[in-house]
Amino acid sequence: MPRIVVQAYEGRTLDQKRHLVRAITDVVVDAYAVPPETVTVVIEEIRKDHMAKAGVLRSDRDARAESGGRDGNGLPA
Amino acid sequence: MPRIVVQAYEGRTLDQKRHLVRAITDVVVDAYAVPPETVTVVIEEIRKDHMAKAGVLRSDRDARAESGGRDGNGLPA
Amino acid sequence: MPRIVVQAYEGRTLDQKRHLVRAITDVVVDAYAVPPETVTVVIEEIRKDHMAKAGVLRSDRDARAESGGRDGNGLPA
Amino acid sequence: MPRIVVQAYEGRTLDQKRHLVRAITDVVVDAYAVPPETVTVVIEEIRKDHMAKAGVLRSDRDARAESGGRDGNGLPA
Amino acid sequence: MPRIVVQAYEGRTLDQKRHLVRAITDVVVDAYAVPPETVTVVIEEIRKDHMAKAGVLRSDRDARAESGGRDGNGLPA
Amino acid sequence: MPRIVVQAYEGRTLDQKRHLVRAITDVVVDAYAVPPETVTVVIEEIRKDHMAKAGVLRSDRDARAESGGRDGNGLPA
């Protein structure tokens, strides 16, 4: 411990992930005063057709944005 | 917030998922009196060979059912 | 399965929770065509000093709002 | 309930998983005095490029080990 | 890794938990052929008014059982 | 999204938590090129009698350390 779980959409590069886990570990070591080898970071990727806000799947929201439409909640597609 | 995580077996259609995230968002908005845009729903799909009840993987339980067998716990395959 | 996890701030009444778990179960039964006794709903409550958006704890954001201030991101306190 | 989640790297065989879920169910039944059919075990597999210790992805750590190198923290690759 | 999360109702004794984490660690070491010091076990306790099956909170189901009633789903209180 | 979950032992101060959520948000914004208001950080605190390594609860390991003992795995108490 500490253990950090990063939940984000699919699509980041390996280098972005390398940068993220290094930077997160450094700030946890600094803020919580723990040795780096006690810090675990786990990346959980989420598909856009498995995530919804205001009742609309992100994949559908993106599709509407591409087709120029807006959704029922006035939220930007 | 609120954030709702739906853990279910793989295999549902995109339309079932659309229906589910819409309906869950509506009942959360109603029960907890929050605006829809604050409600997030995440779908986590689980493989049947990664889920066990009474010590038996669901994939094995289904295979027994197809072969007409019952498992050691008398549970219906 | 399915198993639904509801993550929300502390503070809802027992009746709100009763209403929520009943309504969520009904929509899951309808959308995923499963029997009610297979549906589990778990409520996870989160403290406002354990949740941050845009780098600011919700408890601090609420405190600012009460004191009429706005935070650096222009977000409503 | 109880529900047991096993988080481990990808790569175990189906038989290892069968053995694991059976053995875990048995010890939970024994330690917590519950019937086996109330015990659920879920396996969550994690990719080695999605898990870091001391700021280094396990996949990178393994690659260094294969190339004979050690990482900055003196940890075995 | 492996990391095991045990989700169960509140109310077990410290000795039950000691027994459980020891026994789970042993079976994971055996089934997955890993050293014991790589195995982490985390206990997450769940309140009975935060867990529902078939739309009914476990705390309400227990209360009915004590009052001799059955619930709408014919499930034993 | 992204959503970051920080799992750590109880006992940090509110200021440590403020520092942590601010710093984590900043590195996620930098590494994943997302606006700060899309980043959520959740802190989950774990009791030392609910966390075990190598089959021994952290609370028991600490108690041994205070009493000068070592545990069966040669791990520092």
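The letters A, B, C, D, E and F name the chains in turn, as written, and every chain counts its residues from 1.
The rule is simple: contacts are C-beta pairs under 8 Å (C-beta built on N, C-alpha and C of every residue); 3 or more make two chains touch, one makes a residue touch a chain.
Per UniProt, the chains are A, B, C, D, E, F = 4-oxalocrotonate tautomerase-like domain-containing protein.
Keep in mind the model is a prediction, meaning the values are calculated, not measured.
Q: Could you tell me which pair, C-E or B-C, is linked by more C-beta pairs in contact?
A: B-C
Q: Over half of the contact pairs shared by residue number: find the pair among A-F, B-D or B-C that meets that against A-D.
A: Repeat of the A-D interface: B-D.
Q: Whole-Å distance, chain D centre to chain E centre, using C-alpha means?
A: Those two chain centres are 19 Å apart.
Q: Centre to centre, by mean C-alpha position, how many angstrom separate chain A and chain B?
A: Centre separation, chain A to chain B: 22 Å.
Q: Where does chain E touch two or more other chains at once, residue-wise?
A: Within chain E, the residues that touch at least two other chains are 3, 24, 26, 46, 51.
Q: For the complex, give me every residue of chain D touching chain B.
A: Its residues touching chain B are 14, 17-18, 21-22, 24-26, 36-37, 39-45.
Q: Show me the residue ranges of chain F that touch chain E in the complex, using the header's touch definition.
A: 46, 49-57, 60, 73, 75
Q: Show me the residue ranges of chain E that touch chain D in the complex, using the header's touch definition.
A: 1-9, 12, 16, 19-20, 23-24, 26-28, 30-32, 46, 51
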